[in-house]
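One structure coming up, written as structure tokens, with questions to follow.
In this document, chain identifiers A, B and C correspond to the written order of the chains, with residue numbering beginning at 1 in each.
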Amino acid sequence: MGRYWRTLRRFWGTALATQLEYQLNVLVELLAVALSLGGSLLLLSLFFGPGRELGGWNWNQALIVQGFYTVFDGMTTAWLRPNLGAIVTYVREGTLDFVLLKPIDSQFWVSLRTFAPAGLSEVVLGLGLAAWGGHLSGVVLTPAVLVTVLMMLLVAALILYSLWFLIAATSIWFVKTWNATEVLRALLASGRYPLEAYPASLRLLFTLVLPVAFLTTVPAEVLLGRASLPLLALGFVLAGVFFAAARGFWLFALRHYTSASS
Amino acid sequence: MRIFGLNRRIVRALLGSQYAHMLEYRAEIALWALSGVLPFIMLSLWSGSDARSQLGLDGVALDRYFLSAFLVRQFSVVWMVYAFEEDALLGRLSPYLLQPLHPLWRYVASHLGEQLTRLPFAAGIAGVFFLIQPQAFWIPSLGGFLLAWLATWMAFAITFLLQSLIASLCFWSEKATALERLLFLPFLFFSGLLAPLTAFPPAVQEWVRWTPFPYLIDFPARVLSGDPVNLAAGFAAQLAWVALLLPLVLVLWRAGVRRYSAMGA
Amino acid sequence: MITVERLSKTYRVADKQPGLAGTLQHFLRRRQRDVSAVRDVSFAIAPGEMVGFLGANGAGKTTTLKMLCGLIYPSSGQVLVAGHQPQRRHPDFLRRITLVMGQKQQLIWDLPPMDSLRVNAAVYGIPDRVASRRIADLSDLLELGEELTRPVRKLSLGQRMKAELLAALLHEPEVLFLDEPTLGLDVNAQMRVRQFLAEYNRRTGATILLTSHYMADITALCPRVLLIHQGQLFHDGALDRLASRLAPERHVRLELKKPAPAEAFAGLGRLDSLENCEVNLRVDPASLTRVLAQILERFEVRDLEVNDPPIDQLIGELFRQGSL
């Protein structure tokens, strides 16, 4: 266990060093994060005005949803894209062999090898925005609420990781469809807005098939003190199911890789 | 006889080879087309929102606008700066620069090849949309369609020139593509992809009209969907932007190539 | 250290005909072929040996090597490396082996090799003090100094390869698998890598398996050679025996001033081709000097060239001759 922790520190130390090799990039990324958030808020404001609501959510509450979306967008930028996007490169260049020969779990390596620091700023901004929206909505932050919110965020992170991983792992078969995760990302953008803003048919899709609801709307509901226990339980179940599927699929993919490669 | 360095034979060879090349990447291109569904997501939001009254578009008109926005985006998307960066990194630029054909034409050809490959997938997605919303179905008049095609072409040209400008900067700095990231943001919000221009407060609209962005999606989409729009003003603005950007790109490119060869290509 | 019994690997490959008709048929009823990459290979390698896998491209060397690493599952047969079944990829097994592939790297591109070494130290659980000592020893042996603190992308191919070797050997593996390690290197760099490997084997007694299609690698390093041709083990034994058996004749190419009839070359060697003034002869190595002297006496020679046929051709010929 200690070895894994030490390895993780080294992974991310080298990732940070790599990123800082290109200083201009870091500045531009930070600027892009700030502008993106600003633009999204501008867009969101178009839906609101005096007395207007979006799917029954008012402006302050919608800010919470935007905030949590930004947290997960940051997670995608910081971990999912750089790591899972590299799987197809490993396969194309044959360097997956090196990963498989290291005495460390290959899924651990592939998922956590690097990270992009700019994403961290997004996570922080997102948390800040959600907290601000919560404050404006008159939320009282008791320890119980805080713990539940953090738990749901973790559940959501697990679902997001597993979904992304499942799609990215298909690169082992189909190198040419590596950008399937971009389709996922485009669909996830729907998480910027509360679930109730969408027509009923899409709401079901966004809860069960593509659990975007659990990424943003459900944690927001928890913060606002409106979440029901069955909903939280569903979140846990989905997280467990998706994560198990991701793990199982990876082992299956590796068996294929080692049988078919030359 | 060559016009701008091209003749019929070169054009045929370039387009032919690029189309064949892109066909190899059908699966990837289909997924790129699919990842353009953001307009549809925004449509479902706008349709259910009280705020749609200020759009000046409602019901069927709104459906058509966003479908048109989707289609215009599919045929005006430009990724030239990334291809260029990769070519520069892998040393493919040098042979291109040695040939009597301006390298930018190659990228134009590959984009056209990609658009042709994308066509069936974009049409398929449009077809699915019409299945879900049959009342929104329409076929534009021939004149309307041609005008929309022209407007989309101009939008493509403007976007291509903007990216070429950034690409030229790659001759000076290795990671100039980061600027594309920044340019993409105002495009995303003000082009009309996420919300028609009329969704913005009038003050913002006035100011945005001085940028090229609304002429990249909003204007062509309205032409395609049959929305009454000031054609003269729109085309004039597009033309003006091309006239402004084209010489800028050519000058910057030439300066960049000189620097590239001076540094040892 | 390594035992291999009747190892085989067969791939099922889809057979697709070109064109639209082919695509339809491929979609409806897939026709599949079995491609035999490795067929019934058996050998045993003792600890500390340096063994070369020699063979033409596509002969099955890399497939065999990867089966020994556990990167490819064999279709049939047994493999045991350091007492483990490689495909299980047991951590203890992984700690005792290492793989180096020519033209493929595990070092981080944008950072100095030192950073990649620190990552490896963590992954293999090597304490930093021990790692520093090993890095110092290995970089001495490899003649690496300030390269370790320069970004990998700024190193030459030869320096990169040396740094790769360092990274691969940090955990002091008992078995080294090297897949075309000198591919793309210039002559000097190739020589340095070979010198290093010989020295490393002498010092640590590590077992080294090397694949290459450069004869020079094998000649310099491997007293024992496994020749693989079309998936089968063709020769397992000392290099000298193979060398003399493989190249029984030298090729002599002549360009004469005046054309000469075929009969004029009787007694000199086997005539390969005779076209106007261009002559290709096969000569027995033992009588090469005598034959050359006679040629220069008998004919007016404009140009003369003596060389060995390429290894692919030799191996191909060997196969035609049958087993040794």
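Keep in mind that, in the parts below, a contact is a pair of C-beta atoms (placed from the backbone, for glycine too) under 8 Å apart; a residue touches a chain by one contact, two chains touch by 3 or more.
Here the structure is a predicted model, which is why all the values come from computation and not from measurement.
S.K.: If you average the C-alpha positions per chain, which one ends up nearest the average over all of them?
M.R.: A
S.K.: Would you kindly say which chain has the C-alpha centre located farthest from the C-alpha centre of chain A?
M.R.: C
S.K.: Counting only Cα atoms for the centres, state how far chain A is from chain C in Å.
M.R.: That pair's centroid distance is 45 Å.
S.K.: Please report how many Å separate the Cα centroid of chain A from that of chain B, as a whole number.
M.R.: Each chain reduced to its C-alpha mean, chain A and chain B end up 29 Å apart.
S.K.: Just how far, in Å, is the C-alpha centre of chain C from the one of chain B?
M.R.: 50
S.K.: Show me the residue ranges of chain A that touch chain C in the complex, using the header's touch definition.
M.R.: 3, 6-7, 9-11, 13-14, 17-18, 21, 93-95, 97-98, 100-104, 255, 258-262
S.K.: Along chain A, where are the residues that touch chain B in the complex?
M.R.: Within the complex, chain A contacts chain B at residues 22, 24-25, 28-29, 31-32, 35-36, 39, 42-43, 46-49, 52-55, 174, 176-180, 182-183, 185-187, 189-190, 193, 197-199, 202.
S.K.: Quick one: which bits of chain C touch chain A in the complex? Just the residue numbers, please.
M.R.: 11, 37, 62-63, 66, 69-73, 87, 89, 91-92, 94-95, 97-99, 101, 104-106, 108, 110-111, 115-116, 118-119, 121-125, 151
S.K.: Which residues, counting only chain B, touch chain A once they are in their complex?
M.R.: 25, 27-28, 31-32, 34-38, 41, 44-45, 47-51, 173-175, 178-179, 181-182, 185-186, 188-189, 194-195, 199-200
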